[in-house]
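Structure first, then comments.
Labels run A, B and C following the written order; every chain starts at residue 1.
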Amino acid sequence: MALLKLEEVTKRFGGLVAVNAVSLEIDAGEFVGIVGPNGSGKTTLFNVISGVFFPEEGRVFFEDKDVTRLPPFKRAPLGIGRTFQIPRPFASASVRENVAVGAMFGVLGPEVNVNESLKIADQIIERVGLQEHRDKQAGTLTPVEKKLMEIARALAMKPKLLLMDEAMAGMHPSDIDGMVAFIKNLARDEGIAVVAMVEHIMRAVVGMAEKVIVLDQGSKIVDAPTKQALEDPKVIEVYLGHPPEE
Amino acid sequence: MFFELLAGNLIQGVFLGAVYGMATMGLSLIFGVLKVVNVGHGAFIMVGAFITLALFDGLGISPILAIPAAFGVGLALGLFFYYTVIQRLIKAPELATLLATFSIGILLEEVIKLVFGSEFRGYNWVVGKIDLGITVVPMSKLYAGVGSVVIAVLLYLWFNRTRAGSAMRSVVEDSEGARVCGVNVGAAYAWSFALGIGLTVASGVLLTMFIPVGINPYMGGGYTLKAFVIAVLGGLASPYGAFFGGLVFGLIENGSYTLFALLPGVEPFALTRFLSFMILLVILLIRPTGLLRGK
Amino acid sequence: MKKDTGKYLPLIPVFAVYLVLFLMGKNMSGMWQLMAMLLFYCALGQAFNIFLGMTGYVDFGYVAFMGVGTYGMALSIVHLAHYEVLGAWVIVIGFIMAILFSTILSLAVGAVALRLRGAYFAIATIGVNEGFRFLIEGARIWNGSEGLIFMGELNQILGREAASVLATFWADVMVLVIAALAAAVTLVYMRSKIGYALTALREDEDAAKVMGINVTKFKIVAFVTSASFAGLVGASTWALKTPYVFPPEVFEIHYTIEAIIIVLLGGAGTLLGPVAGGLIYGLSKYYLSIFLPGFQLLIFAPIIICIIVLFPEGVVGMLKKRLRDTALGRYIV
C-alpha cells in the first residue's frame, strides 16, 4: 500500500495548466526528491497534496483514503506535514509555542493537552538544536533558524509524510550537508516519508533521495530510482536545454 | 401607472448608477493596485461635497467647475496621506491599513465639522429640467450622469493610451514583474492612491449634483457602505467593474425602493438600505471575486 | 499543581485595577460616575479584544452586538413586567436574552463573514450595524424607529426606589463583573489550545490551516464569545441605566470606534491591554469633554493613526516586550 497516491491530478489557474495529469506514489518511510525548474509546478503539486488547492481533475489518496477534497486542516491530523519555501513562522509567538502548535493540532492533536504539547515541543526543539532560542519570538530568528523551527514544528505534528519545500534554499553550502544528514536521520528514525522539493539537482538531493521525480511544465517526465533518473536523457534536456540565464 | 413609475425610477436609476459607479472607481483602483481597502472612502466623497458647497455658496462657482477643483484637492490629499501614513503600512498586517484609513476618514469628518459645523446643508443650482417622455429629469442629474461616464472614459483612455497609465496597470497585474521591467513601483503606488482619492473627491461633486441636499460631515458613512457593495459587485479590484457595478446598484436601489413603497407597514427607505447590505453579504458569500467578472 | 496556579497570575493586575476603580468610586464622593465610565470602557475593550486582538480581524459592525443585547434586556422587561411572579428574575432573563440575541446574530454574521479573509471580512461587517438598524426600522420590528421605552415597567417590577439604585449602582457593578469575566475568559483562552490556534491564524492563516487548525471554527469561537460579552455590556449599561432603546443610538458606529481605539491603545491581543486602553481613553475623553467639548474625535483620530504607524503594539505590548524574562513579566500578558 502506498502512503500517498496521486491519480492523474490536474490543477489549472485560468488558462494555465500548473500541474498536468500527474500520477505518483510515495511509500511509507521513503525519501523522494521532486526536482524541476522554476515554474514546473512543484509548489502547486505540494499545495494539492496538503490541500491548499483542490485539483480540477484526478484524485489524491492518503493511506488509501480519498482526500482529494479534504480541507488542509483535516489532512494534517492524518499525518501530512509540510514546510514552506520561505519560512512562515507565527512571528509573535515564541519558538516553543510555534512548535507546540504542531503537536496540538497534528496527528497527536486529539490526545495531548497544552502542557503535554509544550513538553513534546521541548524535546523536538532540543533535537533540532534550537534550545537556546526556545523562548525567543519566532520572528526574531535568523533565516536558517526559522527553517529549523519550521522543521521542528512539522515534526511535532508526528507526520507520516513530510513535504519540504526548498528546505535548503538560501542556506550556506556548508550548512546544507549537515541539514541533509539531519533530515535523513530523522526520517529514518521516525519512519517518516519525506518528499523534498528542490529547484536544482543538487549533490545533496542525490545523496539522500531514494527516488527522484522530475517535473517539467506541469508534467511528470521522470519517476525513477535516483541514479537511473539522473542519467535519463529527458532530465539532461530539461536542465541543460535551458539557456543559462534562466 | 405603477409601471410608468417604475420605468421612470429606473431611468433615474441609470443616471444615479453612473454616479455611484464613478464614486466607487477610486476605491477599486486603490484596492487593485495597493491591496488597501480604503475604509474612509465615504469621508473623501464628503470632502468633495463640501468643496462644491463652498465654491457654489461662497464664490458662486458652478458645480461643473468644482469637479476639476475637487479632483486636484483629492490628488493632494491622496499624496499627503500616502506618504505620511499608507506607505509605512504597506507591509504591515491588513488590520493596520484598515484601521488607518478608517481613522483618516474620521479625521476628515472632524476637520470638516470644525470648519463648517455639523448641520445638514444644501445648495440650489437651478439649471432646469428635461422631459424624457416617461419621466422628467432635472438637468443637474443629467449632467452628473453624463459627467460620470465622461470621467470613466477618460480614465480608461488614460490607462490604455498613456505611458503612466500602462505602468500603473502593469503594477496591478504583477508588481514584481513591473519592477523587473523598470517601472517605479513606489511611485506607481503613490500616484494610484492619489488618483483613487482624486476620483473619489471629484465624485463627491457629482453626487451633490444628483442629490444636492443632505451635505453633512457624516454623510460619507452611507456612501462607504454603498461603495463596498458596488465594488464587490464589480469584483473589488477593477475600476471598470466598479463602474458597471454602480449602474447595476443604481437600478437595484431605485427599483427596490419603488417596490418596497407598495408594501404596507414598512419604511421603504430603510428597507432599501437593508437590502443593499444583504446583497453585499450574499455576493461575498457566493462569489467574492465579483458577479460581473467572467469565468 | 504549582505550575497551574502560576498560569493565572496575570489576572492579578487586571482584577486589582478593577477593585481600585470600584473602591474609589464607592468611597470618594462624586467619583462613582467617572469610575463607572472607566469600567464601561475597560469592559468594552476587554470584550472586543477577544475578537479583534486575538484574531487580528476587524469587525466594524461590533456595536450591533451591544445593540441586540440591549434589545434582549429591553424586550424581556417590556414583555415580562406584568408577570408578577417573576419579580426581579426578569432582569436575569434579560441578561440571558441579551446573550442569546448577540450569540444568534454573531453566529449568523460569522457563518457568512468568517469564511472571508481579512479585508473581505471587514467589508462584510461594515454594514452589519447599519443593516440591522435598517431592518428594525424598515420592517418595524420591535416597534421600529420609535424604539422601546420601559421606565414604567422597570418601576413596576422593582419599585421606584430599587429601579433607581439599579440604574445608578448595580448596573455599573454588573459592568465590572462582565469586565472581570471577559478578562478571565481571555486568559483561559490564551492558556488553552484556542489561544494557540488564534495566535497561529492571526499570524499566518494559511500556515495555520496546513498545521491542522480549523481556522473558521476558532474564529467563530472568538467571535461569538466576544459578541456575547458585548451583548451583556449593552444590556447593563444601556438598557438598565437608561431605560429606553432607539435604533439609531444603539447601532451607532461611534462605539465600535471607541472599542477599536481602546484595544489598540492598550495593545491588541494582550490581557492587560484593554484595561490600560480603557483607562487612558476614558480619562482623556472625560477631561477633553470638560476642557475641549466636542473635539474628542478630532484629537483621537490622529492619535490612532500615530499608534498604528509608530507603536503598533500598544502600551501593554511594549511593556510586555520590556519585561519578558523578568519577574514582573509573569504578571503581564
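Note that contacts are C-beta pairs under 8 Å (C-beta built on N, C-alpha and C of every residue); 3 or more make two chains touch, one makes a residue touch a chain.
This is a predicted model, so every value here is computed, not measured.
Trainee: Which neighbours do chain B and chain C have in common?
Mentor: none
Trainee: State the pair of chains with the top count of C-beta pairs in contact.
Mentor: Chain pair with the maximum contact count: B-C.
Trainee: Which chain's mean C-alpha position is nearest the mean C-alpha position of the whole protein set?
Mentor: Chain nearest the centroid of all protein C-alpha atoms: C.
Trainee: Of all chains present, which has the mean Cα position farthest from that of chain C?
Mentor: Farthest from chain C by mean C-alpha position: A.
Trainee: What whole-number Å value describes the gap between the mean CA coordinates of chain B and chain C?
Mentor: Inter-chain centre distance comes to 33 Å.
Trainee: Could you grab the centroid distance between chain A and chain C? Build each centroid from C-alpha atoms only and quote it in angstrom.
Mentor: Result: the chain centres lie 43 Å from each other.
Trainee: Can you check the complex and tell me which residues of chain C touch chain A?
Mentor: My answer: residues 3, 191-193, 196-197, 199-200, 202-204, 206-215, 269, 324-325.
Trainee: Which residues of chain B touch chain C once you look at their complex with the stated criterion?
Mentor: 31, 35, 37, 39, 85, 88-89, 92-96, 98-100, 102-104, 106-107, 109-111, 113-114, 221-222, 224-225, 228-229, 232, 236, 260, 265-274, 276-278, 280-281, 284-285, 288
Trainee: In the complex formed with chain B, which residues of chain C make contact?
Mentor: 52, 56-58, 60, 112-113, 115-116, 118-120, 122-124, 126-128, 130-131, 133-135, 137-140, 144-145, 253, 257, 260, 264, 268, 295, 297-298, 300-302, 304-305, 308-309, 312
Trainee: Mind listing the chain A positions that touch chain C in their complex?
Mentor: Against chain C, chain A makes touches at 50-52, 71-77, 82, 84, 88-93, 97, 100-102, 104-106, 109, 113-115, 135, 153, 157.
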